[in-house]
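Per-chain residue numbering starts at 1, and chain names A, B, C and D are given in the order in which the chains are listed.
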Amino acid sequence: MGIIKKLPVYAEKVPGGGIVTTSLEMVLNQARARSLWYLLFGTACCAIELMCTGASRYDFDRLGMIFRATPRQSDVILTAGTITTKMAPRLRRLYDQMSEPRYVIAMGGCTINGGPFYYDSYSVEKGIDHIIPVDIHIPGCPPRPESLLEGCLHLQEKIKKEKLSDWQEK
Amino acid sequence: MNGIIAFGELHGVFAWLYDLLASTGLSQPWLDVVRYTVLGAMMFVVLALIALFLVWWERKIAGHIQQRFGPMRNGWHGWYQTIADAVKLLQKEDILVDARDKMVFFWAPVLCFVVAFLAYIAIPFGEGLIVADLNIGILYIIAITTFTSISLLMAGWGSNNKYALLGGMRSAAQAVSYEVPLVASILVIILFVGSLSMVDIVNAQSGFMYNWFIFRVPFGPIAFVTYIIAATAEANRTPFDIPEAEQELVAGYNVEYSGMKFAMFFLAEFVNGFTVSAIAVTLFLGGWHGPLDGSFLPSWVWFFLKTFAVVFLLMMFRWTYPRLRVDQLMEFAWKFLVPVTFANLILGAIIKYAGWYW
Amino acid sequence: MGGLKTEEFIVNMGPQHPSTHGVCRLMLTMDGEIVKKIEPVIGYLHRALEKICENRTYAQCIPISDRFEYVTAMSCNQVFSMAAERLAGIEIPERAEYIRVIMLELNRIASHLIFYGVTAMDIGALTPFLYGLREREAIIDLFEMTCGQRLTYNYIRPGGVSKDLPKEFVPQCRSTIAMIKEKLNDYEGLLNENPIWLARTKGVGYLDPKLAIAYGVSGPVLRASGVDYDIRRDDPYSIYDRFDWKVCTRPNGDTYDRYLIRLDEIKQSIKIIEQALDGLPEGNIKAKVSPNFKPPAGENYARVENSRGELGTYMQSTGEKKPLRVKMRGGSFCQLQALPHFGTECFIADLVAIFASLDIILPEVDR
Amino acid sequence: MTKEQLQTAITEKLGDKMTLLDTGRHDLMYEVKRENLLEVCKTLKDDESLAFDYYLNSHGVDTKEKFEVVYNLASIIHKTRIDFKVILPYDSAEIESVQTIWPGANWFEREMWELYGINVLNHDNLTRFLLADDWDKGFPMRKDWDAPGFIRMPEL
């Protein structure tokens, strides 16, 4: 990301440089949005729905999303299932292993606020917002494959609206 | 020369280009340097496009085999899906693990990427469409393609990760044990051609279809089958893709690679697949010759048609077969393939000596 | 070569790994490719379901039971409501019994289809995964039509079933069953005689029947080792004794037999469903039970045969509307406990095959 | 082998040590003293007429004033099933490990120790495996257990 980060600074000086950055920005955003590789990270019931969405009826591959086994090569971490206190540090480490333009989709009620295990459970993390920054929350226990696909489309819209300057501070 | 004037007429264009180049008054060595760089650059561009197409084609075929569509939303039937993947991988942060072996880690993808394209110097895409018609063509290609397994070993060792190390070791073992049957099945063809140059090999198969080496019963089909099996192992494709076994070793040798480094490995894998099928076509399926004597299509069209057919065959392997275990894979190579290919070699020699061939 | 100093290294088939379905972590002590010692580390999905059930009424426990074993959620609902019914002495109507058997067997087929897909994917063939899930979608449509949910059904409740079958359920169920029976030939054609599949699964991970019984292994894994024990016939519950079906066993207890036995079980389940559909009586579907009924003091261990072995629920009540103690026992818990005793001295690729053939999923282990 | 035959076989073999309780629904529920637990288990497993070789489940129960450890057993040959429980006082909650008789009891007893604090004597691997490694808030499954982040469901 080195060159791409510094480019807007140089481009501003050149007259009409703004057009270069905005058009480049559009191309980069479109590419990032259209090829999201999600990390195979299914802990509980939502993992079965994730498998069904990856299968032939709902098919993630239509959106260009294929699963990658290592966090290094994946852009989206799709936390499908309950995150317990014992799993939280692992989730944090997985998120740190991912390379920079990374996004998080919190799938299912458990990852939003503990879901059905909010009451009376001593070992469930009430939502994963305090562990990793979440981009998209998908409600449902487990959410239907259609809502999972809709969540991914929302993420794609969000990526398409990102600015190059956003990456300056990061 | 082919009946129909088409792209096959490249000689005229090349000849005109050389005269223009010579007129600039460069001395002889510089002339060749410029010529080969231009040819090399053209070949690289063509192959990069083919590789991008192959990635998209594999995902579509995998989709349709598995009762689903494959990339659909990115352009009509997802045609710019691979371009989007490539540009996205460009933007990815390149994570460098501190405990890595710096030089080995850095040069592994470079070696893999470069070697994948080097093999195409000696492969004739069509009548006269060859970068350099080396007189040791096939020997050069076999020597170069073994570098890929070295680069996988380097990647496995360099990334200081147990899974990657296992993947690297497996790729070394696999390459060593499948090199022997590969070479033995190629030798049978060289026996009948008498020359190592690829153009001579293709010319030895000119004329009607039955002149192709695949139809020269009995040694031809056996050599073709053993070649395809050994070649799938060389190109690390299922059922021999144990270096990058997704389910066992997480992602095999490219566990620690991200961004452009991973893209190089990814692209090199597909280019290797194309190299292996290009060699199969040149050796067994009559290079750029059409099935009938005077063919009605330009020569390079025949070549690409046949190569994509063989690539399709390799892709069918990938989506139907389970994966072999390490010891089974080597046992299969040493106990089955090597004896069969040597017997085939002896059979070919007897036929050649006795003169029963056409 | 004796002088070469070699040492074993520890590899983490960690909580996030493509072939541990869920969050099971296996600490493998490896000598090169050979797995010497396995030490399972669990607890990454311990959601304290038992503590939650202690603060819920009997009817509220059912949605929690769905999450206890979400691949065959119907059998969890069945075991919970059976335990509650035995405690309270509730008799459930005839039609509800038939509907329960149909739902249980459909869910068993769906779970075995997932097993078929995931085991094939773990051994390298990616396509059967998609075929298996395609058939499962047909069964999921049936569940969606009756109870509106795809995975956690909350359908079988103490006293009967929550909703009656819609009109078009029976014909669609018959056509789905017929389609699956015909698709089974494709599955068998794809893998049963595939030489690479045979090489990868035959004779791999032999589980001795005595070791299996000693560690409480149950279900298809036990029957694949030759032990003829099935709760539906040996500790009969519901109305399984009215149907004629066969408990299938396989003699030599390796990964290939554990794969074959599941295909046999699908065929048996199809036979049961067909007979249940034929004999489906009319009548109401739920006994008159108030949602927070108070069963008399007592305790009871209910057992159900689900696709991963014996699913048991021990319920103890003291007369209030909330159970004093609910203990859930899953089949995967004992199979994972037995794994280190028969899954070692093999390649890591074999370990992945054995782990997949045991069909272990983690909510049963961690609860 | 029906329930009555099983009942007569048990009273005949272990009459004094196992007293039948009436709380069991659908299956026979017995009570065993803590001292002769191992002896009872050995006869249950090794005796041909009983042959309870299939260890299903064992867990702790906290009934606010005493602990109970409930064992569920089954016999593969005779197709029978039996439960029995051991009552433990609240203060000295200790029990012998039956792991030598049924190896399958290992993890069940480990879990009982971790969640209830019932100490299991001569168990080979009594370490934590369900809760988080740095768990220091006592034994969560006890009725009187509480912790800062623990939210109970409000009564409807």
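Criterion: a contact is a pair of C-beta atoms (placed from the backbone, for glycine too) under 8 Å apart; a residue touches a chain by one contact, two chains touch by 3 or more.
Predicted model, so just to flag it, every value in this text is computed and none were measured.
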{"item": "Longest centre-to-centre distance from subunit B, chain (CA-based)", "value": "D"}
{"item": "By mean Cα position, the chain sitting nearest the middle", "value": "C"}
{"item": "Pair exhibiting more inter-chain C-beta contacts, A-D or C-D", "value": "C-D"}
{"item": "Subunit A and subunit D, separation of their C-alpha mean positions in angstrom", "value": "46"}
{"item": "Between subunit C and subunit D, centroid-to-centroid distance (C-alpha), Å", "value": "24"}
{"item": "Whole-Å gap separating subunit B and subunit D, where each centre is the average of the chain's CA atoms", "value": "64"}
{"item": "Computed distance of Cα centres, subunit B from subunit A, in Å", "value": "36"}
{"item": "Residue list for subunit A, restricted to those that touch at least two other chains", "value": "55-57, 69, 84, 86, 119-120, 122-123"}
{"item": "Overlap residues in subunit B, where contacts from two or more other chains coincide", "value": "66-68, 246, 250"}
{"item": "Touching two or more other chains - residue numbers and ranges from subunit C", "value": "17-18, 43, 46, 48, 51, 55, 130, 134"}
{"item": "Chain pairs in mutual contact under the definition given at the outset", "value": "A-B, A-C, A-D, B-C, C-D"}
{"item": "Subunit D to subunit A touching residues, read off their complex", "value": "131-133, 137, 140, 145, 147, 149-153"}
{"item": "Contact set on subunit C toward subunit D in their complex", "value": "41-43, 46, 48, 50-51, 55-56, 86-87, 89, 213-216, 227, 229, 234-235, 297-303, 310, 312, 314, 316, 318, 324-325, 327, 329, 333-334, 337-338, 366"}
{"item": "For the subunit A and subunit B complex, residues of the former touching the latter", "value": "1, 4, 27-28, 30-32, 34-35, 55-57, 59, 61-64, 66, 68-70, 72-73, 75, 97, 99-101"}
{"item": "Residue numbers on subunit A that touch subunit D, as the complex places them", "value": "84-86, 118-120, 122-123"}
{"item": "Parts of subunit B lying in touch with subunit C, wherever the complex brings them together", "value": "62, 65-68, 162-163, 166, 238-239, 241-242, 245-250, 319-328"}
